[in-house]
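Chain nomenclature is as follows: A, B, C and D, assigned in order of appearance, with residue numbering initiated at 1 for each chain independently.
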Amino acid sequence: MSGANRRTPGRLDRAGIAKLVAADIPPGSYVNLGIGQPTLVADYLAPDAGVILHTENGMLGMGRAAQDDEVDHDLINAGKVPVTETPGASYFHHADSFAMMRGGHLDVCVLGAFQVSFDGDLANWHTGKPGAIPAVGGAMDLAIGAKQVYVMMTLFTEAGVPKLVPSCTYPLTGLRCVSRVYTDYGVFALGGNGVEIRETHGIEEPDLRDELGL
Amino acid sequence: MSGANRRTPGRLDRAGIAKLVAADIPPGSYVNLGIGQPTLVADYLAPDAGVILHTENGMLGMGRAAQDDEVDHDLINAGKVPVTETPGASYFHHADSFAMMRGGHLDVCVLGAFQVSFDGDLANWHTGKPGAIPAVGGAMDLAIGAKQVYVMMTLFTEAGVPKLVPSCTYPLTGLRCVSRVYTDYGVFALGGNGVEIRETHGIEEPDLRDELGL
Amino acid sequence: MTTICESADEAVAGVTDGATVLVGGFGTAGQPVELIDALLRNGATDLTIVSNNAGNGSHGLAALLAAGRVRRIVCSFPRQKDSYVFDELYRSGRIELEVVPQGNLAERLRAAGAGIGAFYCPTGVGTPLAEGKETRTIDGRDYVLEFPIHGDVALIKARQADALGNLVYRKTARNFGPVMATAAKLTVAQVLSVTEPGSLDPEVVVTPGIFVDRVVACPSPAVLAEEGAGA
Amino acid sequence: MTTICESADEAVAGVTDGATVLVGGFGTAGQPVELIDALLRNGATDLTIVSNNAGNGSHGLAALLAAGRVRRIVCSFPRQKDSYVFDELYRSGRIELEVVPQGNLAERLRAAGAGIGAFYCPTGVGTPLAEGKETRTIDGRDYVLEFPIHGDVALIKARQADALGNLVYRKTARNFGPVMATAAKLTVAQVLSVTEPGSLDPEVVVTPGIFVDRVVACPSPAVLAEEGAGA
């Protein structure tokens, strides 16, 4: 495990995390941004980087959220928010859209998470609480479908419990599928060498290791 | 086995067989006509019957053979003969075309055969001769893909050997897939009740039974 | 052969109790509201519904659920901000739920339409949704065996049909329509307009008419905006 | 990201000895002759070719075979009236042949592109082409287990590309192009013309640019008419 190669004195906010993710997406990539926090990443992609957004409900070349009279309820993203199309967009049906994901054609997928394990297991679809209504959507397909799966999340729960864990306790979404974890306190690369701390924010690396039990 | 309900004094020629097949295709059917002799059936379909022809290389609504300046080498049938399109035609790729066949959506498929067995096994892709280059094309998909598979063939080889047989000796194309056999000497329905002689042409039914060992 | 129907009621005639009904749409986009309303009038009950979601607000699919016509729903994302009808039925034990990853739902429907008996699928391996299912390692990767989902009826929404039943769709409202059309014994499409054969460019037909049994024109369909968000 | 190449030679650069090359076309319709000619100049040898046929006449795929570059061919219908180049190589034991039912060829390519590990297929059951393969009875019907066909490279022909690599095709020349585009690590398309992004209606794109790595405009491609007939 090598040391962090960048650090800032302050913990990052959501926008700060989204900026880091956006900066790590290579120009020209095909990218799926999951529902919720990951959609913020779109705001920080350079317009000339040529990143093309996929939405699993059947579109490549998704544009920004629709405003006012742009709203068309036949043109929505996976979160069911009305969006726009960009030049060079295309529409396709659900089996083709998920074949695109599951066949490994997306370069990057950015997802939220309840927990990520040190070896890249992802838990982001179900809290497992009794009475909770299960709903998976495209989460499991996205988890296994992209060449790189990036997770964006706070590093700790509101109760202060780490969400980057030796082993997930929540129901799994996918096994060994996450390659990077972007959080308010640091950025982590997961893979064959275990957890590598790439950046720290508002915490010293030894303290971060202690907190996570690394 | 019920008796033949129609008979003619003379043996049928190819056109005669094709007419019988065409008359048995319900109006509005989606039909695939195999390469060779079955293509003759198209000439006897009533124009107002609304039968829609499928060609497995990616088209519904195939029209007649192209003539003169209609010839377009991007618009061919499964036998690679230039054809035309009809109003309401559609094009699709090969996986979609074969999904259409294999999913059981075609009403009728008409094929030629080397042999058909009494219980509907079909042999029409390979003579099994040493040195023959095997080539199957879409034959096996057509054999299992349509709701009804009709075979058109001469009932006997040039050497006088029956081609409707207790068990095929040629390499099989599909198992228990043929529902009717149209030949120069008679029409046969195959199914749960064995071989039913529906029509005889140029031969008396008892003699036909003798010849075939029925 | 495709029949052009005079009304949505005629288009759903014959759907019987206990039927498995595939219902197009992703949330409200592509949801065939007029056909669902007709199915409600038709009276069929004890239905199994296969659809991405479990209804929004109180109209369309949600109304069918509210009327107690649905015994079981197979979907990827039942819980949405405006899925209160389903939520209440589920919590009170009055509806069965099978949650299926969205890609498996789409691929299982495609398999039904394409004559595939079953397929080894990369999604869901090692998760609770694969529990009890067969798995197999192929070329070093693990897969779960998934089976087709066949429908008795598919109710879908498209933009335009020609008189032969060829369909084109509109933007992301296309979603499940094309695969559901292939997977049911009886496929019914509501469209904005029905035009002459030859009016659609053969290169751009998305669902060929072979998959479409009945079409009805609903020129001014209900537009159900989402009351919330989900997936 | 899709690269628009200046020449067919640039478009096939980097294809190496021993590669598995998916070649689009059904007979001559959709056969990417200019890309094949460039592959011939490129010099790669010991190739495995996956294509519906085994070449027509003496041009295109047949020329690649004649030059001894192909070790093995996977196809549904090698024998045609004008497949004399292949016939001679096969009869003299200088090329390996795997015959695959046409629908299995298409579905196995689709499976490769769609991340399917294997599938139970109704075609070929009980025939010599299923010998030695796993079978399974599902809901009373017998199936054969078939595996994906992955390509290192796909060479396909389309009508038009936009600068993002979105493709549309022409009539029955579409055939294997869309599935092969999804099944290879490197997909190369020759097209009649390359136009601006936004020039193709998003509703009618057949192959989205995500599947296309390189495009080259060949405005006047060779038209190889069949010398005979086959399937």
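Assume a residue touches a chain if its C-beta (ideal position, glycine included) is under 8 Å from a C-beta of that chain, and two chains touch if they have at least 3 such contacts.
Just so it is clear, the structure is predicted and the values come from calculations on it, not from any experiment.
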item	value
Contacts common to chain A and chain C (chain labels)	D
Most distant chain from chain A by Cα centroid	B
Centroid distance [mean C-alpha coordinates] between chain D and chain C, Å	33
Rounded Å distance between chain B and chain C, as computed from the means of their C-alpha atoms	35
Centre-to-centre distance between chain B and chain A (centres being mean Cα positions), rounded to whole Å	54
Shared-contact residues (touching 2 or more other chains) in chain B	59, 85, 91-92, 98-99, 101-102, 144-145
Multi-chain contact residues (two or more partners), chain C	107, 110, 114-116, 121-122, 169-171, 202-203
Listing of all chain pairs that touch each other, if any do	A-C, A-D, B-C, B-D, C-D
In the complex with chain C, residue positions of chain B that touch it	27-30, 50, 52, 54, 59-61, 85, 87-92, 98-106, 144-145
Sites on chain D touched by chain A in the complex	1, 110, 112-116, 162-164, 166, 182, 196-198, 200, 202-203, 205, 208-211
Of all residues in chain B, those that touch chain D in their complex	35, 55-59, 72-76, 78-81, 85, 91-95, 97-99, 101-102, 121, 126, 131, 133-141, 144-145, 171-175
Residues of chain D touching chain C in the complex	107, 111, 114-122, 136, 138-139, 141, 143, 147, 168-171, 201-204
Interfacial residue positions of chain D with respect to chain B in the complex	26-30, 52, 76-80, 87, 90-91, 97, 99-107, 109-110, 121-129, 142, 169-179, 206, 223-226, 229-231
